[in-house]
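As written, the chain order gives the labels A, B, C and D, with residue 1 at the start of each chain.
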C-alpha cells in the first residue's frame, strides 16, 4: 500500500513519535510506502507532499513539533476541497491516509471516510479533551512543564509574601489545570467547567496568608467567574492610561491584589507548554498510537481512531471521540478541592 | 478514627505524596487523627512512631523518599511480631492502618487484616510489576530518568562509534526497560521475561553500525542470555588480574566488544532511578491513591488496595495484586521489536 | 561574634545556599553565633528576627527563595530607621551584619558601615548588572530557564510557520536576553542597551521565513524601539474593545504580525525565571560567596562585598559595585549579531 | 580562506556549538569556506572529510556529541602521519585548521604549527583540567548532571538509612567531584589530588548517621586511599565466587559497609556525564570560543588557543594549556571540607 500521513491543528509534543512509528512498522513489517503531506489538510488539498521513509524519520522521536508541518486548513471549508483531495491522492497513488489531529482534523477524517476516502485517525490534543481515549499524547508534557513552573513559583511566593496566579492552557476543559495544580500543590485550581466565585477564591488566599504561607492559584485560560465574562470588564489601566484585559490570569491577580491588599502576580505559561521534547510517557503513548494506526490501515479498518483504554491501545469509531468534549467531571474536581485554601 | 500510616520496601518517588493526601483529606474531610509509624513494619512491631498531621506533611508533595522512613522488616518473620503490632496499636489507640508498599508489605497487610488488624493497602513498586493496577507511582519517574539518560547517550555513541549498553532496574519484570527503551529509541531492549540470544543481539548491533549509526542497548538488570546464568561466568580480568562479574550490563558490553570488535561501554543507572522528586504523572497518581485510601479506611473497607483502572481509582482485594507478578506480555515486547536493529 | 544575616530585594535562586555556607562555616570554623533577620532591612529596623543555626540551614542548599524572607524596605527612607537598627542590634547583641542583596541593599550596607554599623555585602541580582563581580548567582539559573523555554519554542515555531517572541527579564541590562538568546539560538536578540529599529527586526524575520525556517526573537523587558516609548502606544484592542499594552514582547509580536502578515505570538516568561532550585553553577557560586563573606566578617573587613574575579572569590569595596550599572558592552552584543536573521 | 575543522578526544557537550559558531561567523563575516574532517586527526591523516557549511551546522547548537565524529588518532604515532596531513590539506586546498580537543589534540596542534601547518586550538575537556583557561565547555554540563543525580540520591539515602557513594569522572583532577559535591551538598568529597584516609571517611560517615541523617560521598574516579592502589586489592567476591574490583566507588561503598555496619551503595554515573545537550553556560562558552577561534584564524594568529579569562575570551599560546594539568588547589578543597561530616 501507499499511505499518506498528515498532522493537523495546534502543536503537540509526540507528533513526530507517531509519524516515526507509523513509518518504521509500515516499512519493516508490512512493506508499505509513505507520502508525507505538508501542513495538515492543506497537503492533500493542494497536493503538497514530500518523501516519507526511514531516512526522514531518523532521529525525530525526541523532537517536538512535526516534521510534516501543520495548519488549520479544513477541506470542507474550501470550495472543491474534497474533490481536490481525491484527485491528488489518485495522482500520487495514495491508497489511504493516516490523519493525526484533534477534533477538527478527526472530524474531517470521519467525513472523508464516509465519502470513500479511507482514513485512520490518531487523536491529538494537548488539552486531553477528546473522548473515547483515556489520554492523548502531549497532555503529560504540558502538565509536566506547568508543574515544573509551579514548583519554581512556590519559593518565590513564600519569600515575598505574594499570591501567584499561574495561567495554563485549557479553553474548554480544565485537565491541564487540574493535573498540574494537583502535581504542583496549588492552593486553588480554577477550570472552565466550574465558574468560580471570586469571593471564595479570595477567602482561600486570605486563609493561606493567615497560616503564614503564600498562595499559588492555577487557572485554566478558559475559566470564568460565576458572573460570566461581563465581570472581566474592568478599569485597570496600564502605563499609558489604557484599559486592558490581558487574560484571566492577569485579571485574577489584579482582583486578588485589590481585594486582599497583598501583592499578586500572574504568570502566563503560554506556548512553552506545547513545544519541545515529549515526556517519556508521551513518547511511549505516541509510539504505540503510531504502531496501532498502521495496523489499522493494514487491516483496512478505516473510519477508526486508535485510543488508549487502560494500558491497551484499541480502535474506536472516530465519531465516539468527536461527538462531545471530554471535560473534567465533578468528582475529579472534588478530589482537588480537598487541598484548597 | 485514629489511623496509623507506614511505608515499606525500597525507595519510590511519590511515597510522600500519598502520605500527604491521606493526612490532608483525613483531617480536613473526615476529622481523623494520624500516627506515623517509622520504617515500615518495624514501626508497629517495635512501637516506634511519631506525630503525623498537617504540619508534618507540609511541603512534602514534591520530595522523594519518605518522611516515615522504610525498611524490609516482616512481622511474620519475627517471633511474636503480630502480637507486638496488636499490642502497640492498642497502646496508641490506633484503629486501622494504611500500608504503602510492594508485594511484601501488601502481603503482610492482607494477612493482618485476616487476623483482625484492619489494613488498607496502597500499591508501590518502581518496577510496575504489581497486578490489579494499570500503573504504580514511581514507575513513570524511573522511566523518565532512564529515558533522559538514554537521550544523553545517543550522541556520545554516535560521535565515538561505540555501542552503549544501559542497564536499568527490573529484576523480574522488564517494564522499565521496555518503556525507557521505547521512549529513548533503543536499538535493542532486553527483559527478564524473554531470555536473549546473544548472537541475535550482536546481529542487531552490527546492522546498526553498518548503517553508520551507533547502537544503544537497554537491558533490565534481571535479563539473562538464553543459556542461563552459566553463560555469565567468564574470564574478564580487571587491572588487578581478578575475574569479575559486574552485572548483566557490564557483561553484555564486554561480549559485544569481543564479538564485534567495536568499542562498547556499559552504563549502570542504579539508585538514581528511584530517588528524587516524582514526575507530575506520579504525583497525581500518588495523590489520588492517598485520597482514595483514606476513603476506604473511612468506609471500613479493609483488606483492600487502591488501584488505577484506566483513569479511575478503584478498590481491589489485596490478594489480586500479590497473587502473581505482572510481567511484560509477549505482545507488548513485540511492539518494541519493530524498532530493533 | 554574633552576626545578623538578611536578604533583600527580589527573589534569586541561591540565597539559601549563601545563608547555609555563612552559618556552616561561621559555626564550625569560627564558633560564631547567628541571628536571622526577617524580610531584608525590615528585620533590623523593626527588630524582627529568629534563630539561625545548623538546624535552620539543614536541607536548604537546593531550595529556591530565602528562608529569611525578603522585602524592599530601605532604612534610609524610614524616619529613624538607622537608629532603630542600631538599637535593635544592640538589644540582640549583634556585632555585625551580612547583607545579601542587590544595588539597593548593598547601598544601604555601605552607608551603614560608614555610620559605624559594620556590614559585609554579598551581591545578588538575577540580572547580572552589578559591577565589580564577573557574575552574580541566580543569573545562570535565569538564563537556563529562559534557554530551556526557547529550546521548546523552536519546534512549535517551525511546525506552525510562526514568529515567536520570548520576553525575558532585564529592565536596564540585557544580560539574560543576550545569554539565553545565544544559548537558545535566537534569530534576533533585543536589549535595553541598544534601542532597536523595528524595520531591521522585521527584515531579519522575513529573511528567516524566506529560508523556510521560523524566527525566535528574544527581547529583554526593558528593550525599546529606537523611537522610544512613544512608539509603543498603539491601538490593539482586546475582546472587550479595550486598547492594551501588555509589555514589549506582546507589542513586538503584534508589530511583526502586522508588518509581515505572518502569525506571531509572544511568550512572557515572568517570575518563573527567578524561582526554584538554583543551577549547579549558582549553588557553587553562592556557597563560595557565603564562605568568603563570613571570612570577611571574621577579619572585620567591613564595607566590603565578596565578588567573583575569574575563578577566585575576592573582596571589593561595596561602592565599586553600586557606582553604576553593568550593562552589555557593544562588543558582546556584536558577538550575538553574527547569528541574527 | 579554506579552513578545516576537526574534533578530537572524548565526548564533550558543546562541540557542535563551537563548530556552528566557527562556520556561521566564518561564512557570514569573513566569507571563508570550510572542510569538515572526520574523527579527529584521523580525518586529515587519511583525507576523510565532508562539506561543512551553513546547512551542515543548522540546528546543531543544542545537540550533544559532534557532527564531525571523534577519535584518539595521533598523527605523531603514525608513520608518515604529518606528511599525510600536509598532502591532504594541499589536495583539498585547506589553508588552516581549527582543532577542538583536549591535551592530546592541542599538543598535536602546537607541533603541527611549529612544523608549518597552521592550526588554531579550541580547548575541550569535560574534566576542566586544562590550564590557561578559567573553564572549558562541557564541564558545567557534567557538573550539572552529577549534581542532579546527587539531589536524587539524598532522599533515598535518608529514607533507607544508607550511605551512598557517587563516583563521578575525573582521573587526574577532581573538579567535577568538587563542584558537584559542593552543589549537591555531599558530606565527603574525595579527589585524586588528595589521597584520602579511609578511617577519616568512616568517621564522617558515622558522625552523619549519629545526627540521624544519611551520608552522600562523592568520589572522583581517580581518587585513591592514602595507602595507594595496593589498598584496593581486596577479597570481595561476587555471586560466582570471583574476586572483583569495580572501581573506587564500589570499593568505597564496600569498605564503608564493612567498617560501619551500615548498608552502603555505590552509583557510578559514567558516560551519562559527557553526553547530551549542553547547559546554557556551556552553549554560550562554546559559541564564544568558536567566534573567537575563527577570528584568530582570520588574523593568522596560529599556534594559539582561545581561552576564558574572567568574562573575556582571549588568545594564549597552546603550550600554556598543555604544559601541565590544572588540578584542584588545596585552598579550593579546603572550602569544601567545611561541609564534611
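Criterion: contacts are C-beta pairs under 8 Å (C-beta built on N, C-alpha and C of every residue); 3 or more make two chains touch, one makes a residue touch a chain.
This structure is a prediction, so every number in the text was calculated from the model and none was measured.
Shared contact partners of subunit B and subunit D, listed by label: none present. Chain pair B-D has a twin interface among C-D, A-C or A-B; that twin, with over half of the contact pairs alike by residue number, is A-C. The geometric centre of subunit A is 30 Å away from that of subunit B, both derived from CA atoms.
Chain geometry summary: the mean Cα position of subunit A and that of subunit C are 33 Å apart. Centre-to-centre spacing of subunit A and subunit D amounts to 40 Å, using the average Cα coordinate of each chain. In subunit D, the residues that reach two or more other chains under the touch definition are 151, 277.
If you check each pair of chains against the touch rule, the ones that pass are A-B, A-C, B-D, C-D. Those residues of subunit D lying in contact with subunit C across their complex are 21, 24-25, 28-29, 58, 61-62, 134-135, 140, 143-144, 146-148, 151, 179-180, 182-185, 277, 279-281, 283-284, 287-288, 291, 309-311, 335, 338-339. The part of subunit C that touches subunit A in the complex is made up of residues 7, 10-11, 15, 39, 63-66, 69-71, 145, 149, 151-161, 164, 232-233, 238-240, 242-246, 265-272, 274-277.
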